[in-house]
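You will see subunit A twice below: alongside subunit B first, and alongside subunit C after that.
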Partner chain A sequence: MERFIDLAVSAVLLAGLYATMAYGLGMIYGVLRVVNLAHGGVIMAGAYMGWVLHGRLGLDPYLSIPLVVGASYLLGVGMYKVLVRHLPRGAAGGPASLLLLFGFWLVLRNAAYLLFTGNDQSITTTWSTRSVALLGTHISATRLAVLGVGVLVPLGLHALLRHTHLGRAIRAVAQNPDSCTLVGVDVERIYTITFGLGTALAGLAGLLSATIFAFNPGSGSGELLKSFVVVVLGGLGSVLGTGIAALILAVVEVFAILVMPSYLTAAVGFIMLVLVLVIRPGGLFGHRVLG
Partner chain B sequence: MSRGFRPPAPPRLLLGYGIVVAGLAALPWFTELTVYSHNLMTLAFLSIAGALAWNWMGGFLGQVSFGHAAMFGVGGFVAARILLAGPVPAPLAWLAGGLAAGVFALGAHPTLRLRGPYFSIATIGMGEATRLLFTYWEDFTGGSSGLSLPIQTDMKHHLYWWGLGLVALVAAASWLIRHSALGLQLLAIKADVDAAADLGVSATFYQDLVFALSGAVVGVTGGMWASYFSFIEPNDMFGFDRSIAFVLMAVIGGVGTVLGPLLGAVVFVLLRQYLLASYPQLYLGLYGLLLIFIILFEPLGLTGLWLRLWRRLPWARAEA
Partner chain C sequence: MLRARSLLPLALGLAGMIGAAAPPVKVGATLPLTGSEARIGGFFKEGYELAFEEVNKAGGLQVGGQKMNVSLTLLDDTSTQATAVSLADRLVNADKVDFLLGTYSSHLIEAQSTVAEQYKVPYINGGGGATKIFKRGFKYIFGTISPVELLGTTLMTWIDGQQKAGKLPRPAKIALLWENTAHGKDFRKGVSDHVAQSKGAYTIAVDESFALDGKDFGALLGKVKAAKVDLFLADAHLPDYITMHRQYVAMGLCHKVVSYGARGSEKGAIEALGRENVNYVLSGVWWSAQLAAKPGPSRDFVNAFKARYGGREPEWFQALAYQSAKTLFTAIQQAGKVDREAVRQKLAAMKQGSLLPGGTLEFPAAFGQQAQNPFVLQQNLPDSGAPIIYPPDVATGTGVAPNPNCGK
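Entry: the complex of A and B
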């Protein structure tokens, strides 16, 4: 029973991270209809940004959140202006965009490798070993903080989308870009901002995960796939859906340890991805992601 | 569309094909190829065969697979296991590997109804899951320490002709597929699944068929690869980087064109050899840049570049 609670708690803590990871991917897809295959690469880049800020400037990862988010936002704006914008219209969701962003991922991987070598890194602060007693188990303080950010950020974003002028414009463009042009919404600008926000979230997710897991230039493919599972399962544009889907993924992954060797639990996410795509491509809540 | 639609191979094309294949087959006897370039050409042949087969799926059907390493690995390990089990002629083992890979590819049936990005991302998942499972299955693959094959004298040398034969077959098959009713059906599915279905072209059936065929060829390649190196290891055979290589070769040469992937594979192998020797730390990123440039400026890769140049030549202009 104690073990059960332990596992359940760690699943909940993990879910916040997964939700943050997935929200960025879902946002870009929802508005631009482009699957950002470089998502995993941006997550990796975010992890290294935090690592550099912590290692060189001694900045606590939670204080460096604004810096990493801002830098990732600029990275996303650049990616959109230099790469994604030039894709032929209509084919944006096709193989061309996948290959293009995949190419960018390879470049990011290589750049990280050149700058930081291929060694595993992680961010350890003075308080990463502390823990909090809760529900009869000890919870690592870092993981709790990650959960907090992972809950707050998607909620904040949701508020932005619901209650601001910009948010309304973004939602309108997601529904029908042509009509938006007619009523005077600068669609290109909205696309740029959305891509920036999506990558900013990915960067943040990378920073958060760097405080828990080790990373190297090659990491990111697992994160990309997990984000995709959550997006497909949870549907687009629903914070609650994303949260529940992230929780499901985290629970399945964590409890898989009970039934299979730990080495194989990494495959659980991949298998779940295929199962979700095949069995419930419409997601759990009917917000069909599959076009 | 009549089922008998099949324009005959123009005699000139057939002649050219015969001359190139015969010329390459005879090359080692007429010139003093160093062992290095002899082997490099063998590797190029194996890569070409894989790239052409990937293109059936990624180019003709427009379903970009990031998981072809799964079939490559299955073919390689089945062939290796057969060769380790007893004195079986190597070509039979490769065939068995190809068959196993084809059947394994059929296991991907559920994902084949996914289109576009969903299919591509599902193949990343399938590929990585396969890698983990086979690395874990130590009794079969030897786990992370891999398998050593029995050394056969001259095998590496002879693989030149086996590889060439495979390329000749696969290239001819690519041309035939493209210029047959099957090719048109694949094109129809690529352009619009629903419209194709209305005309009675079953996307499910043809995708299964093409994925199995493509997987079988890649499996045979994997078997030959195992014989070439006489040592295979699951993390390498099933690795994501290997899946990427198929994609890159086809994209560099020209996705969806008949022989573009052939060109792409040659360039890829040569470039890789050069980059690995001179700039080992840069080669992934350079491929990434290449990919970006191709998609932005010349989506048909080298083939598109060639077509552009061709149109500028004086005699081509005179004909037009």
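Entry: the complex of A and C
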């Protein structure tokens, strides 16, 4: 029983991390239909922003959330205005957007190598190794905090999308941008804001990850892959689906250790990805991904 | 992007050049000066530079009755296999180097050394410890870096001593965690071979590998917790050590012996994890600056390094790079001519004094011409840094077992 509780707690904490990493990717695709391959690069950049603020200004990573989120939002707005807005929309823009955003990721990565070298870094606070005793087990304080953010973010997004004029406009643009233009919604503005918000969420994920893992300029690819799995599993464009998919992925990965070697458990998620794309291409809770 | 630069025309002082009638011996190397391995590539560059500078300042090598300077053509392989291979080809065929020194990291050396073998160029490296590199029957590769298997063996030998002294239980249950790489597999082999020969002194209760750059070790550590083991022996690179040990501490785990292989005493890891959380962690390294406590090659090297690099203390990376270059120089002098085959034969038969633990260096054919020098074990202790605790002849402190933290 104790083992089961340990694994369940691990799964829930891991789900918080996966969900936080995936929200931004899902949001941008849900509205703009652009697969943001620079997502991993922005996660890495968010980690470095937090590291610099912590190292140079002594700012606790959780206190630096507004700064990192704000800076990432501005980065996203800049990316959209300078790069993404010039891409053709729809299927025609697919390959172009993939190449462009992948290229931007490489730029971010090499800029980080230039600025910070390839050394592994991490954000260490006085509570980095603290834990909370619960249900007879110890729960890492940092992972618990990440889980908290992983729960608060979708609630905030849900409130934004359901109860504000901006949120309604975002949802409308996600459904039919042409009709939105006809009724006076500034679609370009909505795209800009959405790309900024998605990028801000990626920056937030990077900051939170940096409180748990060591990172370097090459970080981000693993996070991007996990985000893909979560977003596709949950259904692109579904905030609730993203959260639940993160939980499913984490539970499967963590409990897989009971039946297979540890190094293979990460592959379980990718097997799930393939199965979902074949059997239920729209994901478990969202729209069709393909076709 | 392939960014190859000739970084280092390390061809001596001008006076030496004017005086030397013979052309210099040309040595080529690539290092990961950019990319993911850039930090350590930079360390190797320092070791190479120091060795070349020293020999040229001393007037060059004595080769067959004449003094010859040595020049190093150093290129950036950008931490990628394809570039490491193509630049090695360029060094041999375009730059016409006489000999090669190795790059850093096992996966780059494994790929690059095929070029040396193809063109029959002696290739000495101190940065690729995976045994599989040396199990291919190659004749031109020589490794100054001992196999990671020996790290596992050395750890277990020290643990044996503690067990025989009654400080650890017999039989002791081990959790053996290893990264799923050649490095990790070698570590596992070293520990498990020792356990197999221990006549029941140990049992391996958990034997699990994990993927590099893991994001969560909760499930794995949960398995360790459930197995109620005595010894926690892991092999991990720095990022995984930090992530795993943070979770280890947060989960309230504690074992009588804790080791993450070569990790543990690095300043960066101690800062990331907090000194109190890494106390009593054991680590094994190929060389330590503490070996300079006694007169000998290590002291000479540390003094020269500090003089050259502003008082900074070298790590094992610079030491092995330096030793690799010096070993090549010795072989060239012994051969008495700049001839690849003659130098290869001298390297194969070499037994020279070195700064490595054990004091001598040789390349046994039985091990694919990979050195078999012992590791030095260090242990993080609360008030005295990370002294060498094993082997006894070079120890600068006394190891502690069982881990006193577990009683708190």
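Heads up, the rule we're going with is that the second predicted complex is superposed on the first by the 254 of 291 C-alpha atoms of A that agree within 3 Å, B and C clash if a C-alpha of one lies under 4 Å from a C-alpha of the other, contacts with A are read in each partner's own complex, and residues count from 1 in each chain.
Note that a contact is a pair of C-beta atoms (placed from the backbone, for glycine too) under 8 Å apart; a residue touches a chain by one contact, two chains touch by 3 or more.
None of these values were measured; they are calculated from a predicted model.
J.: Once the structures are superposed on A, label A:Ile271 by its partner contacts, choosing first (subunit B), second (subunit C), both or neither.
T.: In the superposition, A:Ile271 contacts subunit B only.
J.: Once chain A of both complexes is superposed, is A:Tyr263 in touch with subunit B (first), subunit C (second), both, or neither?
T.: In the superposition, A:Tyr263 touches subunit B and subunit C alike.
J.: Contacts for A:Asp6 in the overlay, against subunit B (first) and subunit C (second): which applies, first, second, both or neither?
T.: In the superposition, A:Asp6 contacts subunit C only.
J.: According to the stated criteria, A:Ile212 is in contact with first (subunit B), second (subunit C), both, or neither; which is it?
T.: second
J.: Is A:Leu224 contacted by the first partner subunit B, the second partner subunit C, both or neither?
T.: A:Leu224 contacts subunit B only, not subunit C.
J.: Taking the superposition as given, does A:Pro95 touch the first partner, subunit B, the second, subunit C, both, or neither?
T.: It touches subunit B, and subunit C stays clear.
J.: Can you pull the subunit A residues that subunit B and subunit C both touch?
T.: Residues 113, 222, 261, 263, 266 of subunit A touch both subunit B and subunit C.
J.: Which residues, counting only subunit A, touch subunit C once they are in their complex?
T.: Residue list for subunit A touching subunit C: 2-3, 6-7, 9-10, 13-14, 17, 113, 117-120, 122, 124, 128-131, 137-143, 209, 212-219, 222-223, 226, 253-255, 257, 261-263, 265-266.
J.: Would you mind writing out the residues of subunit B in touch with subunit A in their complex?
T.: Residues of subunit B touching subunit A: 58, 62, 64, 66, 110-111, 113-114, 116-118, 120-122, 124-126, 128-129, 132-133, 136, 240, 244, 247, 251, 255, 281-282, 284-292, 295-296, 299.
J.: Contact residues on subunit C for subunit A in the complex?
T.: By the definition above, subunit C touches subunit A via 34-39, 79, 180, 208-211, 213-216, 218-220, 222-223, 225-226, 238-239, 242-243, 246-247, 249-252, 268, 271-274, 277.
J.: Provide the residue numbers of subunit A that touch subunit B in the complex, in ascending order.
T.: Answer in residue numbers: 35, 37, 83, 86-87, 93-100, 102-111, 113-114, 221-222, 224-225, 228, 232, 261, 263-264, 266-267, 269-271, 273-274, 277-278, 281, 290.
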